[in-house]
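Here chain A shows up in two complexes: once beside chain B, once beside chain C.
Take a look at the complex of A and B:
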C-alpha cells in the first residue's frame, strides 16, 4: 500500500516535471541546433544563433527597452499600490469596494479591449470632453484644460502611455498580494502600535509596513514585472514600432519570410531565464519570512 | 504634574453610545483599572485617551494640557496592547529602541536607554531574538519596555495579560505594578478580570453601558458596591430576589435587614458566600445541602432554603474541614451576616 502510494506519487510528480520541462528543453536545444527537421534529435549543434542574437542591435535594444519598462512599471505600481492598500486598511476601509472593482477590470476585460479603450480615451474622448468643459470655463482654468486636451493625444506612441497602461493592467497582482500580506501581518494593529511609539505615517510605511509585507511585495511584484515584460496588446496598439519590446520583436521574427525561428528560441530562453532568476531571487529574499510573519507565531518553550 | 483628566467623554458609533459622558480625574502616578464586561466601553475609553478613537465630545487633558485633538503620536503616551503588537521584523532590542529611533535620538542616547529598559523588564538575555522566538509573556515584557522607552507621562494597558496563561499572568501582573510604581508613571489599565483589577490598581472604575458605575479603591469596591451592577459584577456574590415590605427584607430566620430607602417592592439581595454562617445552636433557618464542591482550603456548599412557600438557592463558602462533616441531603441551620449584604431594587440599573 505504502509502496503503491509512493509509486503513484513519483509517477505523477515525474509526469508533471516532464510536462513542464520538455517544451522548455526543446526550445533550448533548438536554439543550439544547426538543423532540426527530420530526426528526433537535431542534426548538429552550434552557438551561432546565440552569437547572432546578441550581435543584433535591434534585439538588444528591444530587450533593454522591455527590461527597463518592466522595472519602471514595477516601481510605479509599488508607489501606487502600497500606500493605497495601507490607507484602505488603516484609515478608510470603505474605499475597498472601489479598489477591488478597479482591480477586477484587468481580469474581466481582454487586454486588447483595454488597449483600444485607452486609445479612444486618450486620443479623442478625453480631449473632446476637456475642450467642451473649457468652453464654459473661460480664463486660466479653461486654458489649462485646453492644453491638457492638446497634450493627451501626444502621449500616444511614447513610453509614458505604455508605462501608465501597464501599471493599470498589472497593479491587481500587486494589490491582492499586498492586501493579503497586510492582513497576515495584522498591519492595522502594528500601525496603531507604531503611532503610539510616535512614528509618522511615512516612518510607519518605511519601517513597519514595507518590511512586514516583503513576501506579498515580492510575489506580486514578480507578477507585475512579468506582466509588463510579456505584454503585447497594449504595446502593439498604443505605440507599435515606436516602442518595440520583446513581444513585438518576436512577432516580427515569426512574420518574417526569412523567419529566424532559432533567434526566437534564443529570445524565449533569455526571457524565461530572466523571469526565472527573478523568482529565485524572490524566494531567496523571502526565506524564513513565512514563519516570522505567521499570525500568532509563538516561541518554543514558555517564560522561564 | 502629569495626571489625566477626562471630562464629559462621549463616543457614539451610529446609534450606539459606547461612552456616555464619562468624567474621571486620575492623579499623577496613580494606576487606575477600568473594569467591566466586554462591550462596556472600557477599551473605547482607553483608545480615546490614546487618540486612536476620536470621542464625539469631551476633553482629555494630560498634565493639564488639552490633547483632545492631538494625533496619537503627539500625545505623551505609551501603550501596551493585548496582542503585544511587537514589530515582527525587528528584534526585541530594536522594538524597544523604535520609539527613540523615530524621534531621531542619536544612537549614543538610544543604546543605554534600551539596555536600562531591557534590564527593568528582565529581557536582557533575550534582547537579540525576534518576537516569534520568545514566549508570549516575554513579548509582552518587550512591549512594556517599548511603551516606556520615550519616557511617556501616561502608560495605557489594554488587557495586557488576556492572551497569557494563568501562571505567567499573575507574575507579569505583579511585575507591571512593580515597574509602574518604580517609574512613577500614571497608568490606565483595562481588564475584564476583577481579581487582576483589584490586585494591581490604586483605584478601580467599574464600567457598564459606557458609564462609570463606581470608582473607588479595591477594598471599597469589593466590600461596598454602590450600584446593583457593581454588586453583581465585582466579587463572588449570591444574588437572590426577595420581597421588601415596609423597608425591611426578610426571609424566615435566614435574613432580616433594613432597606429603608426602597419601600415595598421586589429587591435583589447581594451577599458574599463567606457571610453565610452555619449555626450549631439551632438558631437561624433550616436549609438542605444540595451539593458541595471542594475548592482546596475552602469548600462551596449549595443550599436550598424554603420559607412561606417561597424557596431560594444560594451557596456558602466554609472551611473544607467543616464541609467534610456535611452530607448531601442533610438539613443544617444557616444565618446571614448582613453587614456586607447590599439590597437594590430589581429594576435598578
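Take a look at the complex of A and C:
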C-alpha cells in the first residue's frame, strides 16, 4: 500500500516535470539546431542562430521598443498610483470606491475586449461626442473641441495610445502592492507625525511615504513591467505593425516564414528569460510579507 | 493631546465671509480639489481607458444609429450558427481547461505545500516557469514539441510508435496549451491557502481513528473547497479571455471556419474585418457580463472561504 502510494506520487511528479520542461527544452534545442526534421534530436548543432538573431535589426528594434515601452509604462503608473493611494489613505477614503472598481476591471475583463473598446472610443465615439458638443458651443471653445476630436483618432497607431492603454491595464498590480505596503507601514500614523512637524504633502510623499513602501513599489512595479512587456492584444489591435513589439514580431515569425523558426526560438527564450527573472524578483520581494490568500483578498498578516 | 493640529483648509474663516454664496461655491471647489486632486490623474486615465471602453462595448451591443436601442444583435448572435458555436466552444474550452487545472493543480498544490523548504522552492520555481510562459512563445513551443516536426512527435516516430498529437488549431491543442499555464497558475493561486489546513488536525483525526479518506471528506475538503472553487472560477474566467495564445494557434483554423471562439471572432473581426461589428460587440459584451458575474461570485466565495478567520 505504501509502495503503491509512493509509486503513484512519483509518477505524478515525473509527469508534471516532463510536461513543464519538454516544450521549453524543444524550443531551446531548436535555437541551437542546424536541421531538425527526422529524429528526436537535431542533425547538428550551431551557435549561429543566436548571433544572427542579435544582428537582426528588426528583432533588435522590436526588443528595444518593448523594453522602453514597459519602462515608460512603469514610470507613468508610479506617478499615477502612488499619490492616489496615499491620498485615499490619509485624506479622502471615498477615493477608494472608485480605485477599487477600476482595479477590478482588468483583473476580470479580457484585454481583447478592452482593446476593442478603446479602439472605438478613441476612433469614433469620443470624437462624435466632442463634435456634437462643439455644435452647441460656438466660438473658440467649440473650435478647440473640434480640433481635439480630429486629433484623437490620429493617436491610434502611435506609442502614446499603447502607453496609456498599458498603464490602465497594468495599474492594479502596482495599486494592490502599494496599498498593501502602505497599510503595513502604517502610513496614517506616519503622516500625522510628519504633519505635526509641519511637513508639506510633497515632502511627506518624498521623505516619509516613498522610503517606506520600497518593497511594494518594486514588486508591483515588476508586475507592471512584465504586463506591458508580454502584452499582445492591445498592441495588435491599437497599433499593429506600426509599433511592432516582440509579441507581434514573434507572431509574424510563427506565421509567415518557415525558414526563420530558429530566430523565433531565440526570441522566445530571451522573452521568457526576462519574464522569469522578473517573477523570481517578485517572489523574492514578497517573501516575509503575510501571504495573500488569493488575488484581491487582503493579506493574512499585516493589515488589521 | 494633539489639540493644536491645524486643519488644512477652512481655518480662519469668519462668519460673514461664509455667508456669501459665491465664496461658498469657491470653497466647495477648493475643498473638492483638495480632497480629490492627487487621485484625479489615475481616475481619469483608468476611467478613460478601462471604464469608458466597457460602457462603449455594452452600448454598441444594444444600440446602433439605424435601429436605435435594440436587442436584435443579441438575438442574431445567438440564432446564428457561428455565433452560437463560438460561444459554446469558448465555454466548453474554459470548463475543460479549468477542470483539468483543478484536478491536477489541487493535489499538486497540497503536495507542494507539505514539502521541505528546499524542495518546495524548486517546485515553486518550476511552477513560475510555466505560469510565465504564455502567449506567442507558448504557441511556438507547442509547435516545437507537438507539431509535425516537433520533438515529441519525432521521438515517438523514432521508437516506432505511430502517434499523432492533436494538430495545431484543434480544440484539443488549445486545451493542452491552455493547461500548460493554467495548472501552475492554479497551484500558485491556491498554495497560500494550503497552510490553513494544519498538520495538528490531521494528527487529531488520526488519533480519533479516522481514515485518510474520512479526514479529507469531513475536514480537509470542507475547509479548502472554497479556495479550490475560487481558483477554478478564476481560471475559467481567464481562459475564456485568453487571446494571444489562441490567436497564434487558432487564427488560421478560425479563418477557415474550423475553430470558433469568442476571442478569435473579435480578434479576426478587428484585424481582418471578417464578421460583423455588432456581433463582435455582442460577444465582447458577453465576455464582459461573464467576467462581472464571476467577479461577484469570486468575492462571495472568498468571503465564505475566509469565514474561519474573521
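FYI, the second predicted complex is superposed on the first by the 236 of 304 C-alpha atoms of A that agree within 3 Å, B and C clash if a C-alpha of one lies under 4 Å from a C-alpha of the other, contacts with A are read in each partner's own complex, and residues count from 1 in each chain.
Here, contacts are C-beta pairs under 8 Å (C-beta built on N, C-alpha and C of every residue); 3 or more make two chains touch, one makes a residue touch a chain.
In this text the structure is predicted, and so the values were computed from the model without any measurement.
K.L.:
After the superposition on A, what does A:91 contact: first (chain B), second (chain C), both or neither?
P.N.:
Touch partner of A:91: chain C, not chain B.
K.L.:
Just chain B (first), just chain C (second), both, or neither: which does A:119 touch?
P.N.:
second
K.L.:
Which partner does A:195 contact after superposing on A: first (chain B), second (chain C), both, neither?
P.N.:
both
K.L.:
Report for A:185: first if it touches chain B alone, second if chain C alone, otherwise both or neither.
P.N.:
first
K.L.:
So, A:276: does it touch chain B (first), chain C (second), both, or neither?
P.N.:
second
K.L.:
Classify the contacts of A:136 with the two partner chains as first (chain B alone), second (chain C alone), both, or neither.
P.N.:
A:136 contacts neither chain B nor chain C.
K.L.:
Is chain A touched at more residues by chain B or by chain C?
P.N.:
Chain A has more residues touched by C than by the other partner.
K.L.:
Does chain B (first) or chain C (second) touch A:47, or do both, or does neither?
P.N.:
Touch status of A:47: no partner.
K.L.:
Between chain B and chain C, whom does A:208 touch in the aligned arrangement: first, second, both, or neither?
P.N.:
first
K.L.:
In the superposed arrangement, what residues of chain A touch both chain B and chain C?
P.N.:
192, 195-196, 291-294, 297, 300
K.L.:
Across the complex, what residues on chain C touch chain A?
P.N.:
Residue positions touching the partner: 2, 5, 34-39, 41-43, 45-57, 60, 104, 107-108, 111, 124-126, 128-145, 149-152, 154-155, 158, 180, 183-184, 189-190, 192-193, 195, 227, 230-231, 234, 237, 240-244, 247-248, 251-252, 263, 266-267, 270-271, 280-281, 284, 287-288, 291-292, 294-295, 298-299, 302, 305-306, 309.
K.L.:
Note which residues of chain A are touching chain C in the complex, please.
P.N.:
That would be residues 9, 12-13, 16-17, 19-20, 22-27, 29-30, 36-40, 79-81, 83-84, 86-88, 91-92, 94-95, 98-99, 101-121, 125-126, 164-165, 167-169, 171, 192, 195-196, 201, 226, 230, 232-233, 236-237, 247, 250-251, 254-255, 261, 264-265, 267-268, 271-272, 275-276, 279-280, 283, 291-297, 300 of chain A.
K.L.:
Would you tell me which residues of chain B are touching chain A in their complex?
P.N.:
50-52, 71-73, 77-79, 81, 83, 85-89, 98-99, 101-103, 130-138, 143, 146-147, 149-150, 165, 168, 171
K.L.:
Can you check the complex and tell me which residues of chain A touch chain B?
P.N.:
185-186, 189-190, 192-200, 203, 207-208, 211-212, 291-294, 297-303
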